[in-house]
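As written, the chains take the letters A, B, C and D, and residue 1 is the first residue of each chain.
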Amino acid sequence: MVTDRERAAFEAGIKLGALYHQWVGAPVSRETAESLERAIEGSVSLQPAVMQVKVSLDRDLMSPNVFGYSELSGLMFDVELVTRVGKARCTATLSRSEDYPLMSLVACDEAPPDPGHR
Amino acid sequence: MVTDRERAAFEAGIKLGALYHQWVGAPVSRETAESLERAIEGSVSLQPAVMQVKVSLDRDLMSPNVFGYSELSGLMFDVELVTRVGKARCTATLSRSEDYPLMSLVACDEAPPDPGHR
Amino acid sequence: MVTDRERAAFEAGIKLGALYHQWVGAPVSRETAESLERAIEGSVSLQPAVMQVKVSLDRDLMSPNVFGYSELSGLMFDVELVTRVGKARCTATLSRSEDYPLMSLVACDEAPPDPGHR
Amino acid sequence: MVTDRERAAFEAGIKLGALYHQWVGAPVSRETAESLERAIEGSVSLQPAVMQVKVSLDRDLMSPNVFGYSELSGLMFDVELVTRVGKARCTATLSRSEDYPLMSLVACDEAPPDPGHR
């Protein structure tokens, strides 16, 4: 009724939705951006089905407010994520598309059969 | 490369992941639970691909702390969500599975052809 | 070492900081704004030391994105809050000051002696 | 109408309330705890009036769920924060008090006059 590819797509969605709403609003600056990127990656990597995750935050959007810092906004995210369920694998991204932080399911496939198994 | 069913599964994941991390931690009591359920449903319904969403919060888990209220925790959620992309439709749930707030992809299908179109 | 007025000011800060970071990022539209305002007020009212809270969200800032909704941002908040500790009372606000969502401690006083106690 | 000590207490409250609701719910494990502690400290340090902040997360409460990780909960926090407004300085803490994550205003004082100014 539900395939492994669909499950892998579902898991990718969960991680991107979670990441977005967990971290948006956090105070950030160009100096602390890297520490935040690593903390987000570490946190996402703990969750089931995650194979790989890369988070970059757009420093150009971090214009300091009157107190000298910014707030993490959806448009700052550039995330690439790979999930796996069984042999199925999906790649998804969160990145700016004009003025919307778009989550996209880029590709789903089945891992090729292991060449060792003949 | 990606089917509509996979996209609908991805969208369902996004909504559950977002909902969870947006609302967990909010102060809640048995008296305010219903207002919070409606606010969460209203908020989720605004997002793309959402056909239907039903949120119930488990009052039994809302044991008042020393100040007389609780905090919304993942285990309190009982959510059923239907997403649609093209003709594909997925149903997903967030509900307690022992001590884990489990997100499950319950079913994906294609809407039957519209009988009016012969 | 710490006065009741200082404690009431501290409690007011907690509530505004909590409210901001709990709710920022939630999907919202002009149609769902009122339900969200009531849910936020209900949630804040549960917490210790809160006497009164009024939340208004600026509909003018809710310009629909490509999918027809907005995301609750700090600048949309107009909040007035009264806290009380012992006989001390503080009023604090969260409201837009140019492009910054400013939290201000507006006034602290001691409640006048109860006229019945002569 | 409002003293600098009251303002410093208000600022301390804002930071603790914000920190709590920003980070609660984030996936965490004993391995990622330190990276999260540093990210939280970095984020809090950016905000106005913050002189000093120290965040420790209680590893003993991080019992792995069925998928091997935990979720940051209020009870895990041990935070000490110093704020300053003018010459006034407040120290506040967030730490477990039985089963409640208690925020306390520990001390407020005025910095002693600078000995160089005679």
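Some points to look at:
Everything that follows uses one rule, which is that contacts are C-beta pairs under 8 Å (C-beta built on N, C-alpha and C of every residue); 3 or more make two chains touch, one makes a residue touch a chain.
These numbers were taken from a predicted model, which means no experiment stands behind them.
Touching chain A and chain B together: C, D. The chain pair with more C-beta contacts between its two chains, of B-C and B-D, is B-C. Chain centres here are Cα averages; for chain C and chain D they lie 20 Å apart. Mean C-alpha positions place chain B and chain D at a centre distance of 32 Å. Averaged C-alpha coordinates give centres for chain B and chain C that are 27 Å from one another. Multi-chain contact residues of chain D, defined as those touching 2 or more other chains: 20-22, 25, 67. On the chain A side of its complex with chain B, the touching residues are 1-3, 5-7, 9-22, 90, 92, 103, 105-109. Residues of chain D that touch chain B in their complex: 20-21, 24-25, 65-67, 71, 74, 98-100.
Of all the residues in chain D, the ones that touch chain A in their complex are 22-23, 25-29, 31-32, 35-36, 38-39, 42-48, 67-69.
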